[in-house]
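One chain, chain A, links the two complexes that follow: it is found with chain B in the first and with chain C in the second.
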Partner chain A sequence: MTQVISVALDAISTSLVLALVAMGLAVVFGLVRVINMGHGAMLALGAYITWTLAQHGLPFFVSVIVSALLVGVIGLLFEVVLIRHFYDKQFETLLITWAFYLVATQLIKVFWGTDLHSVANPIRGTFTIGGAVIGRYVAVVSLVSLLLFASAGWVMYRTSVGIRVRAMIQNREMAMMLGVRASAMYRAIFALGAMLAGLAGGLISPMFSVEPDMGTLWLVRSFFVVTVGGLGSLVGGTLIGSALMGGMTTLVSLVAQQVFAQTVVFALAVIALRFRPAGILGKKAA
Partner chain B sequence: MLEVRDVVAGYGNGTVLHGLSLSVQRGEIVGILGRNGMGKTSLIRAVAGLLRLREGTVRLDDIDLSRAPAHARAQHGIAVVPQGRGVFPDLTVDENLKLGRMAAGKRSRPGRLGEVLDYFPRLGERGSQAAGTLSGGEQQMLAIGRALMSEPQLLLLDEPSDGIMPVLVQQIAQNIVDINRNEGLTTVVVEQNVPMVRSMAGRCLLLEGGQVIAEGLLDALADSGRLEQHLGV
Partner chain C sequence: MTISSPRGFDRRSFLRSSAFAALGASAAVPLLGACAPQSSSKNASGGKSDPIKVGVISPLSGAWTVYGKAHIAGFKLAVDEINAAGGTLGRKWEIVQADSQTQPQVVTEQANRLIREENVAFLAGTFSSAERNAAGPVVTAADKLLLYPTFYEGQSQKYYPGVCNPNIFMFGPEPSEQVWPHMDYIVKKHGGKFFMVGSDYVWPRETNRLTKQKLTELGGKVVGEVYIPFNTPQYGSVLSQIKKSGADVIFLSLTGSDTVNFRRQLAAAGMKKDFIVWTVDDEEAATSGIGPEATAGDYVSFDYFWSIDTPNNAAFRKKVRAASGNVLMDTVGVAMYNAAHMAAKAIELAGDVSTDGIREKLGGMTFDKAPQGSITMRAEDHQAVLPSYLVKVRPNWTGTDDMFEVVHKVASVTPSAAACTDLPLKAK
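And then the complex of A and B:
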């Protein structure tokens, strides 16, 4: 029984961390229809800035917030200088954001080198649920992830901003004719997506090695979460996608190595997308 | 009130509006008639700010809006009910109406929702229903109601009879007349349904090749043979 609870807790925490990492990508893709291939680099930047600030004595959680804000500003500049000229051109934005990923990753190597770094766990220790042991920090990150999704759901379905955003997703021209400033909203959403990537990078930095290419695998995982969950379904789709991807990885890891488990899950995701291209909660394009 | 002068506009390399000019007085209902492809919808889009002007001007109450983006024109009081109605299908009826109220900004009045529901009582019964599940006629009522929530100075309607059951067309036409009579709302209606235009509009403009080629009361245009010549009716 303890082992079942342990596996369940592991699956839940893995899924929520994955959801946290994928959230920035889901926001940008779901709301402004840009597949941000730079998401992984933004995540790595968040981790590196957090590491640097923590090294200089800033409290860990302050470092995470500052790094999230800085990555948000980088995202804002990226949108203002380049992305805003290419909305509605999905292939061009794919290439531009991929170029951002390559340039940012190389700049990380130039500024921080290629050595692995580790960030000290700010909340050490474990606690038990039903005999199963779980790390306190992992639990906190999972909780942060849940709170973020609950907040996103509240904003989207309970506020006037959410009504405007949902209107813009459904019919941008009509929303503009009702006074919605689409360009400002797109800019804010892109910066928010970058900030969420930076926040995720900072928060996972004590859990994984900080290295220049750390964004690659997270980008791929996030991409599968968003597409399997449902293109454009910000809250439900991302949570379902991460639960499936995270849960399955945990389960397959019980009988195989982590790398093999990841490969199997990616293969299953590709097969699932073959039969449901818009994802589980996604709608077919009109 | 609305002054459109020498407007040239189009899509890509093509030009649809060729130096189009028209003026609409405050409180009028003006009908815009013309065959498909003559520039009726492009005219609406140009006034709404969705189609960039290459030449010419659009002025509302002497304010030059020629370069203003669509959201700024909405804030100046231009409301549009587009062809196909443009309701947000996954938003509820209440949320669609709220969007209209948000567009009103400082013009918004507390009792406006009640006034709109007096025109369209069915919307009150469907408040929590997703707009996409409404019938075509109800969606048209919602689109007009939402436009009214924005407390507009000018209402632009593009083919309001499109996709509506014939029995509802005259009801919607009567709603538009009632709104104009009660509120003095200046209204421009693009329409191919001549009986509907006859029941609403005073003055009519006939579009051909992206220009206004005739103007006057509908019956006068019919008597002169221009409706038959250009619309085949």
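And then the complex of A and C:
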């Protein structure tokens, strides 16, 4: 029994952390159709700013929030200066955001150097659920991830903002004719996506290595999460995508080598996309 | 540390690079013929007062940048010392630097460039096994030497010309030097049940194979063996496997950010009190990146640590501080330092700058001034005979000075003989 609980906890926490990391990408990709290749660099920026602020004695969670806001501002500027001119050109945005990734990563190297950094674990220790041990901090991050998705769901389906966003996804021209201010909304969504990436980067920094290229670790996985889960299905899609990419790896590696487990999971993802090209929960793009 | 060479990759990059070398060689003949009059004065063995040009290939960008600083700083420091003392045979040294970008195909290009365009006398560096294997065919075709600094998997004929190559000298430790000398100590103290976690390529697999062999002799056994694909961020499932394995020791050969992520998550899961960690990858730079909390009490083994207390190292530390400020010097940087000094001595002894001369004099040479203690380059298989240290990470360390405490050392380890078909290695 303990074994089952332990595996379940592993799978759930792995999925939720992955979902948290992918959330910013899902927001931008799903809602404004920009493939944000710069997502990885935004994660890294979040982690580096958190590290810097924590080094200067700011409490960890304050550092995380400040860095999320700062990365959000960076995202906002990026949108205003470049992205807004290219919303209808998916290939161009792909190149521009990739350029952002390269430039931001180099700037990180210039400002912070190439040494590895570490952020001290702010909530040490473990606790036990049904005999299974789980780290306190991992549990907190998983809960934050759940909360974020719950509030995203609430905003999308229970508020007028959500109605407008969904209207935009379904039919942009019609929504604009009905008075939705598309450019302001796109800007806000892009900045929000950047902010979520910064937040995720800050929150995972005590668990992972803080280095200039840390974003590349997550970029491919995040893309799979978003495409497999379903474009435009922000909450359910991202959670299902993460459960497949993260949770399945945990389950398969119970009986097989890691290398094999990861291969199986990526293969499953490709098969899922073959039969559900718009993602498991995705509807046909409008 | 050695990276990224699943077997297929080696073969492919070998084929690619040998094709490249052949192409380069055939293209170079008419070219050299055409400009022979001018180029003769720029030749490597050059005039009496021309500088001796040395090509250094370091990982200055890409995934392994973190190891690149010590890599190049170690060599530069030695060259500065050599030049301050008047050079070699009255000629100053000049470093021609190249960035491997941590990519084997870039190493092939750069090695060709350094040899053909810059006319360097020999090459030093490359970092991972894959990088060294990419340089192997180039130095063989051009008959230049490569001085290789990294801890690696040992020599075995099937990886020729990356190893077992008369044109390559190994200044870093292999598993029988880095791991074997300390196994008895660990097994007696903590038990013989090992759980092995490594990155999925040749260095961890070979290191684990050799470690397993020795462990069986000592009466221990391997209770789990897991290989992790590069750039895996999350380790929940591996941690639960370890938990139920009943292991005494987690034997780690993960590399780069993977080792950082694994060890931080191991600590966060509260598992450090139940298991002993022994890593053969995480030198000063990587340990710094993991932080004190997740490393306290863990074991690391290498031929050199910044904090070892020897007269040679005290002098060396002073020089590093003066020359390059806060570089985290490590086993790789020190190997580069030793390589430069030993090559200088070999040139002095040979009386000229030639591949054959350096090779002959380097084989069997002992260097007493090495920071880790006296070291010898074994003539037979070009493997350095080195000291070996096992250190324990101090709790609450603040920097490299108080990071490691030496708990076991062997002043000089004779490595196992290389598994090459033609020993001793000599020019064809």
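Note that the second predicted complex is superposed on the first by the 275 of 286 C-alpha atoms of A that agree within 3 Å, B and C clash if a C-alpha of one lies under 4 Å from a C-alpha of the other, contacts with A are read in each partner's own complex, and residues count from 1 in each chain.
Note that in this section a contact is a pair of C-beta atoms (placed from the backbone, for glycine too) under 8 Å apart; a residue touches a chain by one contact, two chains touch by 3 or more.
Fair warning: this is a prediction, and the values are worked out from it, not measured in the lab.
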Do chain B and chain C fit side by side on chain A after the overlay, or clash?
fit
Which partner does A:L69 contact after superposing on A: first (chain B), second (chain C), both, neither?
neither
With the two structures laid over each other on chain A, which partner does A:M207 touch: chain B (first), chain C (second), both, or neither?
second
Partner contacting more residues of chain A (chain B vs chain C):
C
Return first, second, both or neither, reflecting whether A:L58 touches chain B, chain C, both chains, or no partner chain.
neither
Does the superposition put A:I134 against chain B (first), chain C (second), both, or neither?
second
Of the two partner chains, chain B (first) and chain C (second), which one does A:I163 touch, if any: first, second, both, or neither?
first
Between chain B and chain C, whom does A:V17 touch in the aligned arrangement: first, second, both, or neither?
second
With the two structures laid over each other on chain A, which partner does A:V264 touch: chain B (first), chain C (second), both, or neither?
neither
For the superposed model, what is the least distance in angstrom between any CA atom of chain B and any CA atom of chain C?
37
Chain A residues where the chain B and chain C footprints coincide none
Residues of chain C defined as touching chain A within the complex:
63, 65-66, 68-69, 200, 226-229, 231-234, 236-241, 243-244, 257, 260-261, 264-265, 267-270, 285-286, 288-291, 293-294, 328
Going by the contact rule set out above, which residues of chain A touch chain B in the complex?
160, 163-164, 166-167, 170-171, 173-182
Within their complex, chain B touches chain A through residues 48-50, 69-71, 73-75, 79-80, 82, 86, 88-91, 95, 98-100, 102-103, 105, 146, 150
Looking at the complex, which residues from chain A come into contact with chain C?
3, 6-7, 10-11, 13-14, 17-18, 109, 114-121, 124-126, 133-135, 137-138, 206-214, 216-218, 221, 246, 249-251, 253-254, 257-259, 261-262
